[in-house]
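Following this line, the structures themselves.
Next, two complexes with chain A in common: one pairs it with chain B, the other with chain C.
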Partner chain A sequence: MADVTLRDVRKSFGGVEIIHGVDLDIRDNEFTVFVGPSGCGKSTLLRLIAGLEDITSGEMTIDGVRVNDLPPKERGISMVFQSYALYPHMTVYDNMAFGLKLANSGKDAINRKVREAAGTLQIESLLDRKPRDLSGGQRQRVAIGRAIVREPKVFLFDEPLSNLDAALRVQMRIELAKLKDDLNATMVYVTHDQVEAMTLADKIVVLRAGHVEQAGSPLELYHHPRNLFVAGFIGSPRMNLIETKVVSTDRDGATIQIPGGDTMTVPAQAAGLAHGAPVTLGIRPEHLVEADQGDTILDCTVFVVERLGGETYCHVRIADGQTLVLRTDGETTVRPGEPIRVGIPAAACHLFDRDGMALHRLQRHPLADQPLPRHAIA
Partner chain B sequence: MTTPSVTPSFPQRPTEGATATPATVAAAPGISRLTRQRRRAAWLFLAPMLAVLALVAGWPLARTIYFSFTDATLYDLEYHEFIGLLNFYYLAIDPQWWRAVWNTVFFAVISVSVETVLGMIIALTLNAHMPGRGLLRAAMLIPWAIPTVVSAQMWGWMYHDLYGVINEIFLFVGLIDTPRAWIADPSLSIYAVIAVDVWKTTPFMTLLILAALQLLPGEVYEAARVDGINPVKVFFKVTLPLIKPALMVAIIFRTLDALRIFDLMYVLTGNSRATASMSVYARQQLVDFQDVGYGSAAATFLFLIIAAFTVIYITVGKVNFDQGGK
Partner chain C sequence: MRIRKLIGRLFFYLLVACIVVYTVFPFYWAIVSSLKAGSGLFQVEFWPSNPAWDNYVGVFTGQPFGRNILNSVVVSVSVVVLSLFLAVTAAYSLGRIQFRGRGTLLMVVLSVSMFPQVAVLSGMFELIRWLGLYNNLVGLILSYMIFTLPFTVWVLTTFMRELPKELEEAAIVDGASPWVVITRVFLPLMGPALVTTGLLAFIAAWNEFLFALSFTLSNEMRTVPVAIALITGNSQFESPWGNIMAASVIVTVPLLVLVMIFQRKIVSGLTAGAVKG
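Let's look at the complex of A and B:
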């Protein structure tokens, strides 16, 4: 099992630079997720690690070995593709055994490995079938099985669940998390789905336009986003952002103007911000409260109510016309057009300067920096 | 294992479906009006094609088969008598006919094999992403676009024993030490004919194979690369099985073409026994010797050979599809 390190890795296609100097440390046995919008370079970065594309400049090592010039098969990786990439004319067994047969493993060893992997993935009964006779979820398992039998140092997943329907995706997500603990391997996983990223990752790498915006644990990204992009990308519904101004700063944080007249002190390192400097206040929908609590109360008007059953999203307009989303419980009786009082707890607020960079929060969130097990280990 | 029965993915399937509709019209009495309407429409659309086919293929075929049982001559087609299988008997004991059969089969097997291998190599090359691919693809089609009569005549001059460019080049590079009579020498002429056919129809093969190659899923090849499988193995274990259906169709097209070859041999070598194909033989009997009955028998025989070949090929081919290249 192995570490993967990237040092100032760049990739250009025909003179256009797509990956702009990525530095990354993926630790042994870590589940790292690359996440970002379409075209952010996350798949390209994965393909660079796989060796399917050459690095234009920079340095990459896997398990301490420089792999810049090594072909994929010598990097000790295996990859699961978005469209599964199974050999359509081979049975499930042959699909899984194909790479091993050519690597001259003994027949018994191949048989044992394939059946072991099939057992882990619960596809033993499918071994004689062709890919076209399998459902999407089964194909995905076979693709994972093919990756497992090679016993790689690093598993690479390229949006493996994006072709599955929603229910199956949830199920496979749970199984992947379990598999990760069973296999004890380094895994790199690409997705555009932030829920997959949050639930699977030990470490999330948020990418935008070929740059790493932030890398850290899921809760670190959630509680301490480094900038507006990460703040907006992680969390659903998106974080509310309110344009406002600094009134004063001191040791307890920055006091800011709230639309409607009030002020509020947000606990963030605001030294250096002048009086009147424009800032963006960020507050997640789930931290807003529909009540007369909170450090500041806003008088708002509801204009859209989305009821999901268990919870309700209220879209409200504040005094200066900006809109907020508030997540509240499913029992709320608010109606569009009604006034509503929304409380903002200062401790849950984020502040971003005019360049979109976050001001450090005065208190680290207690869950942001510790590894958290996802399920009981049997 | 409950493997669902799998129908081979033959390119003709839509047509099969279309013709199946009218075929079952009469059967079901309790079918809805809408269904009946649709079937009637299907027949309506098929009718012109059926009429044209009957006129240009059915009628001549039936007439040829009919004449093969008579002693009709070109001098007066109406005066003829029914002579049973006599024409076929004469055909069966004519060594010239069997020579023509041999020539045709030899020509078909060698030229189609060479075209398939060459076509595959060229298609694989063109399938690689390289600059100027579009231009190459267009240029490659030129031999296919030239009418056979023209290219045969052109090659006839190139093969000329005294002034031909082939002799000139071969002498220059030292492959031969004296000029050869490529199309007059009976031991060489069949190869000369095959060479022209390969030159002319490899582009067709290439195009069909290239089309099949471009439909192959790219990720499968990346998976193979990650698995570290060497390119030669990938070709034989992945590419070849995957393009096999298309390849089979290309080969059957070319083989049918080759079995009824006429113009190439006729222009290059006339009625020369060394190269005469079945079609050349039939034409010679029918036109030069005016023997419509006997010539028709040869043509009918040729038709039967091609039909038999097609049936065998498709049957064997289907068995292979089901096994999926195991």
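Let's look at the complex of A and C:
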């Protein structure tokens, strides 16, 4: 239904710039997720799109219309708030109908739209109740329902699931993904939960301190992080980072020093890196193997073992004292204090230069650039 | 242990009894006195042996007391309605909109209530005369808002500030103008606060004496506190206590009724639990 574009959008509060020139294209029908640590400006950016805050400079369009100076109701958006923000004195029906009443829709049209949305969200039986008589999950549905009935071009979600308990959050997450396909609308979603981001998004926008660090598909961010921040932010447990040096570079990548004496060639574009230049080697815990496989094998000592049942996280110390986390299966019998051999597959490694920027990997990951369906379409 | 508990309880109820006697007895005494006739007033009796209604009749025949009550009702109700209207709209801007000098403005509003009535009396008198509102109920309404507005604005601003911001934003996204936000989203939630402040404003206006005495001239324009104070006996050496007591009872009753009606709302207004949704 609608594209959203941001061109050099900036926002200052009382002389302090919070958003430093964001450029972003949110395509029609795309589910875009803003993630980032607290205070990175993700909620502010959403509020700028909503029109609850005015942008200080830059250009913003929704569906091709410049919306810099338009009030929220003329932007064709609707928003779901973290606290749900239901009107406490109105019934569920009136909550959902409020916007339509203000827009002077006909009584029959309002009734039809509200009941239709209630049907989609399975809250027909709650229409006569007040918000205080509803559970958290039900309130969340009503808040989404209130957004749906207005048939907006763009849905905005501000951490909608963060007030729910863990089990309900998973359930609502699945329903949101399904809702997205049903509604066929552009959605922008703010969260600090990277699982929500990875599972829901067509496009993730990682923000830090008012800058866009990287925007791309979830698997692109996972397999091709642009810099150390994104590499550390996406993935759990965090990517292991080892400080090391370049030994030599050629067409096959950069050969780097591995603590303990070995060298390893990582397939990344390393042209321009001098011999001896400091680099950071990044390798995700799930790519390390507890065995004598891999392109390089490190002799390590286990110092903490975290058993989650299905999988086990081993915190190990390598020769020069740096630590790594290794994800292995739940059946492993390693104990703290024991030596362990950890294999590093070179193809799964990332290299970052001294400024923290990633060196391009020689091969794109096959899943990074193609959107994959999440569930069977009924 | 049990005895200590018992004694503690005894003292508690003794204290409650003291407070009840202290607060209620004067009113009770006024009722008893108003039902006595002539020299019976000066006998100590806790229950009038033969109650007489002469005093009540006398109040209305001796002066235009009905008119005075009507004046009081008109003035108090107008003060409450106007104060609440101005205070709600002011509270929205003071509590919800960021602008320069907001804190200063709130302080100025508060400082207005610091001045004792006597201090502003002469200036107010000139103002009322200049506006041509002397001996006019409108003059009283205007002057009473000097002391009702500061606290209504303050209480409602505080209350408004505590209403969740997202609620307002949700309404804005739904297409509500500030006026719609105030009337259809905030006002229904502010019921308890409105009742509490409105009632306090009503009581203040109902009881006001100094301005009412100074800014009115004729019997027909007086409000009840002044009318009662100016009730005269047959000679200048006689204070008609019976009539005064009867009049006092009459004007206290509306306040009691209002408080009774709204007491539950007042409590919830003071605890402000109604905001959570």
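Rule of thumb we're sticking to: the second predicted complex is superposed on the first by the 378 of 378 C-alpha atoms of A that agree within 3 Å, B and C clash if a C-alpha of one lies under 4 Å from a C-alpha of the other, contacts with A are read in each partner's own complex, and residues count from 1 in each chain.
We adopt the following convention: a contact is a pair of C-beta atoms (placed from the backbone, for glycine too) under 8 Å apart; a residue touches a chain by one contact, two chains touch by 3 or more.
Note that the structure is predicted; figures quoted are calculated from it, not measured.
Colleague: A:G64 in the overlay: touching chain B, chain C, both, or neither? Say first, second, both or neither.
Modeller: Neither: A:G64 stays clear of chain B and chain C.
Colleague: Once the shared chain is lined up, is A:L52 touching chain B (first), chain C (second), both, or neither of them?
Modeller: It touches chain B and chain C both.
Colleague: Applying the touch criterion given at the start, work out whether A:R150 contacts chain B, chain C, both or neither, answering first, second, both or neither.
Modeller: Touch partners of A:R150: chain B and chain C.
Colleague: Does the superposition put A:I77 against chain B (first), chain C (second), both, or neither?
Modeller: Touch partners of A:I77: chain B and chain C.
Colleague: Mind working out whether A:P131 is in touch with chain B, chain C, both or neither, as first, second, both or neither?
Modeller: A:P131 contacts chain C only, not chain B.
Colleague: A:A85 contacts which: chain B (first), chain C (second), both, neither?
Modeller: In the superposed model, A:A85 contacts both chain B and chain C.
Colleague: Is A:G15 in contact with chain B, with chain C, with both, or with neither (first, second, both, neither)?
Modeller: neither
Colleague: Between chain B and chain C, which makes contact with more of the residues in chain A?
Modeller: B
Colleague: Using the superposition on A, tell me which residues of chain A are in contact with chain B and, in the other complex, with chain C.
Modeller: Correct list for chain A: 50, 52, 71-73, 77-79, 81-83, 85-89, 98-99, 102-103, 132, 146, 150.
Colleague: Spell out the residues on chain C that touch chain A in their complex, using ranges where they run on.
Modeller: 164, 166-167, 169-176, 180, 184-185, 188-189, 275-277
Colleague: Which residues of chain A touch chain B once you look at their complex with the stated criterion?
Modeller: 50-52, 71-74, 77-79, 81-89, 98-99, 102-103, 125, 128-130, 132-133, 146, 150
Colleague: Residue numbers of chain B touching chain A in their complex, please.
Modeller: Counting only chain B, the residues touching chain A are 1, 3-4, 6, 217, 219-220, 222-223, 225-230, 233, 237-238, 241-242, 324-325.
Colleague: Note which residues of chain A are touching chain C in the complex, please.
Modeller: Within the complex, chain A contacts chain C at residues 50, 52, 71-73, 77-79, 81-83, 85-89, 98-99, 102-103, 131-132, 146, 150.
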